Amino acid sequence: MSYELKANRRQFFKILGISALSGAGSISSLFALTQHSSLSTHHLGKRWAMVVDMGKFKTEEDYKRCIDACHHIHNVPDFGNPKDEIKWIWTAPYKNAFPEQEHEYIRDDIKNKPFMVLCNHCDNPSCVRVCPTKATFKRQDGIVAMDYHRCIGCRFCMAACPYGSRSFNWRDPQPFIKEKNIEYPMRTKGVVEKCNFCEERLAEGLPPACVEACKDNKALVFGDLNNPDSEVRKILSSRYAIRRKPELGTQPGVYYIV
Amino acid sequence: MTELTKLNIDYRLPKKNWMDTPAEFKQGMFCHGSKPKDLESVGFPNPREWSPKDEDWKLPENWKEIIIEGMRERLDKYRSFRLFMDICVRCGACADKCHFYIGTGDPKNMPVLRAELLRSVYRKYFTASGKALGKLAGARELTKEVLKEWWYYFFQCTECRRCSVFCPYGIDTAEITMIGRELLNLLGLNTNWIAGPVANCYKKGNHLGLEPHTYKSTIEFLLGEIEDITGITIEPSFNRKGAEILFVTPSGDVFADPGNYTCMGYLMLFHELGLDYTWSTYASEGGNFGYFTSNEMAKRLNAKIYAEAKRLGVKWILGGECGHMWRVISQYMDTWNGPADFLSAPVSPITGTKFENAKSTKAVHIAEFTADLIRYNKLKLDPSRNDNLKVTFHDSCNTSRGMGIFDEPRYIIKNVCNHFYEMPEDTIREKTLCCGSGSGLNASENMELRMKGGLPRANAVKYVREKHGVNMLANICAIDRAALPALMDYWVPGVAVAGVHELVANALVMKGEKERTTNLRGEPIKSVKS
Amino acid sequence: MYDGNKIITGLIIFACLVTFPFLYNFGKANAKPDPKLDTPVIQQMKEKRCIETKEFMRANHMQLLDEWREAVRDGKRVYVNSSGESYKISLQNTCLKCHSNTKEFCDECHDYMSVKIYCWDCHIRVKS
Amino acid sequence: MGISFSLLAVIALMAIAYSGTKFANLQFLFGVVIPYLAVITFIGGVIYRVIKWAYSPVPFRIPTTSGQQKSLSWIKQSRFENPSNTAGVIGRMLLEILLFRSLFRNLKLVVSEANPMELNNGERIIYKSDKWLWLAGLAFHWAFLVILIRHFRFFAGYVPSCVQLLESLDSWLQVGLPRFYITDMIILTAVTYLLIRRFVIPQVRYISFAADYFPLFLILGIAITGILMRYVIRVDVAGVKTLTLGLVGFNPSVPEGLGIIFYIHIFLVSILFVYFPFSKLVHSAGVFLSPTRNLSNNSRMERHINPWNYPVKIHTYTEYEDEFREKMKKAGIPVEKG
Amino acid sequence: MFEKALIGNRGYWGWIALLLSIALLLSVMTIGFITYLRQLNYGLGITGMSRDVSWGLYIAQFTFLVGVAASAVMLIIPYYLHDYKKFGKIIILGEFLAISAVVMCMLFVFADLGQPFRVLNIILHPTPSSIMFWDMIVLNGYLLLNIIIGWAVLSAERNDVSPPGWVKPLIYLSIPWAISIHTVTAFLYAGLPGRHLWLTAIMAPRFLASAFASGPALLIILCLIVRRITKFDPGNEAIQTLGKIVTYAMIINIFFFALELFTVFYSKIPGHTHPFKYLFFGIEGQGKLIPWMWTAALLAIAAIILLINPGTRKNENILMAAAVGVFISTWIDKGMGLVVGGFIPNPFEEITEYLPTAPEVLITLGVWAAGLLIITMFYKITV
């Protein structure tokens, strides 16, 4: 009893402090506090996150394994052209993934190194804020999820996402899925889609498909940020990690170790 | 709805069901009863002295059977009657379209309820549901009270058909009123104002009862007037065999002010054209009050026109400005008394125009005739002679909704007058409002009814009077010319009433005329003054 | 004027329109739908039954599916049926595991009732 | 009185169907016998009514002319408002039946303050455009038609593609499962409006009686039971179709376990069918026969024949001249006999 | 005989022109609709939009037309608040322009939806945090407001009575409401993190300024056309006043644009400069919008020169030309430039270009035709 009280008080101060930091009174924090509070997840259950250890990606095969695992189990189509392209997890060179942190004298191998990019499952997701139907929403465990039954295809979320993480089904994907995974549905034309942190696998107690695909070299580490003993927490407290576009205040849930 | 100032129209409805609200005979709202001699002279049943105010209307013993049988006969003869009894859904679209309802606020003047007066009896005696369910199915017994209600309200309808325009099924209360009046006539229940003219017309050829020599001398009096104003001597012919055209017009034009100015207009126009035409003293009535009693009587009066045309050997018939005369000629005459194969399809002798639309009846409306003349420049017109007039045009119910003459008179007026203003669009053309005195209601004892019924029309005139200074209400109907002056004096003083051909004659520059200083009414012409 | 011909023509048209359902089906054998249950998974079941009674499913399966759609939102993935048994909420992995024969099962009635569904825009029917 | 009577009547009908199937197990009666009788009554009744009208002739050509007549060649005729030939009449009737042309004209009488800037005449009678009745009437009738056609899926083994198309258009909005029909909403709204206006507009209330409220309540009952059956108290539609197909195939069978709501629905529909020919609802057949609308205004061009036209006694010219001959001669008016 | 068909007064030719344009509009609408059915069948991939430029011509038109709709206040404010009676005859034209513009806006948003069948989800699952939800509310509200006001005013005019008393408050309400539709539409863009071109506090004022230039410019064009083909005369002074409104609004619009340029280029924050560089000069050799943007800029300057000088503004032909210039300039700037420019470069600083495809253009023309048809019908009632 007394312990709970203490814990609550501690959380209360934490909340106060963070809202002061994020600039109480700004419109975004107002929205954040009302509906999909970025703070609410921290004291309730899990907060899933991923650490991408870029040093462990050595060969092209390392990337491909992860990408293929994800795209196959989620029935992500391959249209073979950039216009219709749909991707959940893919690579982008450092200079594109981190344009603000690029400089002339950066190590060449880093500069052009492909970085694994995917939906950041932000604490403060602008895509969730703008969705007019709550088709995109943030779960208690921090996953920014989509309800494909509800999406009207307005693509406001695509405009709002600063990470280019969202894809739209410009046409019927069905013929472009090479091998269908009958355990997981496809999408219909006219809806937006993106990485879901394999929430369907998490529900079964399995790690995300990409994480599992590289379990040998542990290039992707997945875990609960709210658990101080989790692997992600351990890595983050021991190694220097960066996130994409931190200045936007979205608080991504994907961390990079360069 | 708000109350109107002058009459305090009360649109509130009685608490009680309308079936339980018997008709209250209000003074000024109904006409005198028919006189026995008038009924006798045309062989109508039950001639007797009676007054609508009497408790006892001196009905024959078997009056109820007569009515029910009469209804049965008419249900079998008229699809309109049977259908209109059956298909009304009481949507209420007609309710506020009736000028009598607008002017009186009496709910039984809503066309739907006027028809229900008859329909309720029909249901009782002719439908299974009415017989079985009675009042629940909207049915009621025929009683003397019901009969009196019929008489009161069927003579508060001018058969103007405005409701029919708005009805989604085209239910025409005029049809129902006509049947209702026919049924009443089976018991000798008519009004004096209708029965008298009918008797006159039957015996003497016209409603006013002008005998042939009087008819001629009346017109000769008008000729003198014309000579005074124009210096032109006109010599029309009467009952002349071999003329090309027989001219028929309502006798009101010949006799009464301001219709006689219109009549002078006809005389001047025909003279100027050198038209080969004749008047008839036998068929000296275009109007047909028989139409307000029964189909049969209307036919009996109308028969004279074709008979006279045949006797005189004319080629075709030209009809003057009149409302119900044209409803009858247009929709009934050929069916009753045709085929007029002894006449030939009408052709204007002046312009050569074939009047295709009259090729079977062989009867041409004078507005059609004159519009055609103006179109082909056959008349020399000086519209400035009508510059003292600011004219608006009242569409007569019968020519509007029973015929569709709208543009012809307007075309004429615009060519003979410089100042023409339309009344608001929902009060003209097919939506025109009645003068309030049509279908034989033009008596003096029911003046209150007439003023109330004419209120909507007067109100529209008042609007253009105040907005544009309108001072002349033109029309193509003899009843209008008889009824509207009183209505205008009451509601919109300062507006006179004229037939379109009076305006034509004012503007008509005649060969050899002297310089006109006055119009036909003896009023100085504005342009001369200046 | 009676216009008898026109009226009789009209009445015949009227009668044809009203009796059209009768005429349309005249001489046609309208087979009742017969949804097939003979998939391997069902064959192996000891007790062949769906998650709710047959009657309930017939009338209400669409509502059930509609409710199941919401599962993705609240992460509630378990359906407890009227007799207290739990099932995983998933069209793909629960319903279609047994009813893998969508053509013979689903389409049978939907075609019969002329009900167009858009489930298969996303959900994968196994080719049988 | 009319309102409560009609409402109670519809409730009583529902109760009859309810207790008949719930307690007396009369499924066959309500599902087969009554519907058959209703259809027979409907067809027979409508034909009887129309034939009855048809037996009365149209003695005169009395169209209501709502536009410029065909006259001189240079005057523009209103071909549909004042038709002079069959094509025009067909146009007028189509406008009337499909679009409710006459009702579209509807006006509302208002006694208004005059515009103080223009006039000073105090009160004016004005006529405001009033299209609500038209809109509700049109919406109701069209929705009813679409719903009727949609129901054909219950009466056809293979549903024709045009019916399928109509249905998919009606349910194009993906709301709910099964998908929500737009016409369901339209008919409910429109009937409710038509009912409410009967209650609240004093004039309309004054002229209404039971026969005006009953069909509205009945149709409302049908619509509500139908909607409940689709979205709330669901029934086995395939079973329903087995029944309906049996009906139209003259091979009726009543499947087990159809919900009571279905029997209430079909009973109310049967009542509507039976009631239809013997009530004001025959206006739908009657409008085709209305002589003020379905005749061309050509009675001056072609002679219209009245089958019962009979000779009448008239005052002939000879009688007239006999009476006035001397006066006529004296006035110089020509006479036939000396 | 035949020459009779060729000789006619203004009314006659107006009538012919009306019929021809209605026929034309109807056929364009039909083509647009058929193309829309194709889009429905194939998906939005039929357009030129892509993963990177996920909004295109449709949303550009929507954005632009919200401005046209909002600009009706430029007539309402002088007429109702300042009793400027000269606008009496055109106020209803402005109102109807607003109605048809809002209808077009809605059609464009509808055409842009991937799942139009689910459009009601916006109402069934209301989401106050989404600006799009508010945009739906304000646009529908504005449409309703204008229909009610327009209907009441017009029917009062028809009967020559004063409009009912309840209309006045609605008219006053419509003033802030009109401002709101464009402000909320600006918020659609201005509140998005990471879209540098849009992330500016003066987005709403810029929108309003360009709206108050383009809407009245369109109204000037319509008035001059109406005057030429019918007997309806909106009044010379009214048109001239509109011209002045366009002048000031356009100057403010350009001024605001210059403010943006200053902030961006003086601060030299790379992300913020990139869209402007792309639009006017191109990046990495890619710059399909360069000619458009320069056209817009030149037209804007030319139009301002013509408008600011009373001598040229008073010449009706020049006024017409300037109005057309303003209209096209703002259409390019606010439509394509703003919407497409916001997506280039993409979040990865890559350039993906966008050009509308033929079906996209056909659908767009179809919607414009529908809007013009509505306005033609309305003007027919009024004139």
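Chains here go by letter, A, B, C, D and E, matching the order in which they are written, and residues are numbered from 1 within each.
In the analysis below, a contact is a pair of C-beta atoms (placed from the backbone, for glycine too) under 8 Å apart; a residue touches a chain by one contact, two chains touch by 3 or more.
Values in this document were obtained by computation on a predicted structure and should not be read as measured data.
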item: Contacts common to chain C and chain D (chain labels); value: none
item: Interchain contact steps from chain A to chain B (minimum; 1 if touching); value: 2
item: More contacts between chains, B-E or A-E; value: A-E
item: Maximum centroid distance from chain A, chain identifier (CA atoms); value: B
item: Geometric centre: closest chain by C-alpha means; value: D
item: Chain of greatest Cα-centre distance to chain E; value: B
item: For chain C paired with chain E, centre-to-centre distance based on mean C-alpha positions, whole Å; value: 47
item: Between chain E and chain D, distance of the C-alpha-averaged centres to the nearest whole Å; value: 44
item: Whole-Å separation of chain centres (CA-atom averages), chain B against chain D; value: 32
item: Chain centre separation (chain B, chain C; CA means) in Å; value: 68
item: Junction residues of chain C - those touching two or more other chains; value: 118
item: Touching two or more other chains - residue numbers and ranges from chain B; value: 424, 463, 467
item: Shared interface positions of chain D, touching two or more other chains; value: 54, 57-59, 112, 118-119, 124, 126-127, 174, 289, 304-306
item: All chain pairs that touch each other; value: A-C, A-E, B-D, B-E, C-D, D-E
item: Chain E residues within the chain A interface of the complex; value: 42-45, 49-52, 54-55, 109, 112-116, 118-119, 121-122, 124-125, 127-133, 136, 188-189, 191-195, 270-271, 342-343, 346-350, 352
item: In the complex, chain A residues that touch chain E; value: 27-28, 31, 34-36, 82-86, 92, 95-97, 99-100, 126, 129-135, 150-156, 158-164, 167-172, 188-192, 245, 248-250
item: List of chain E residues in touch with chain D within their complex; value: 115, 117-120, 124, 155, 158-162
item: In the complex with chain E, residue positions of chain D that touch it; value: 112-119, 124, 126-129, 172-175
item: Touch list for chain C against partner chain D, complex; value: 1-4, 7, 10-11, 14-15, 18-19, 21-22, 24-25, 28, 30-33, 55, 58-60, 62-63, 65-66, 109, 112-116, 118
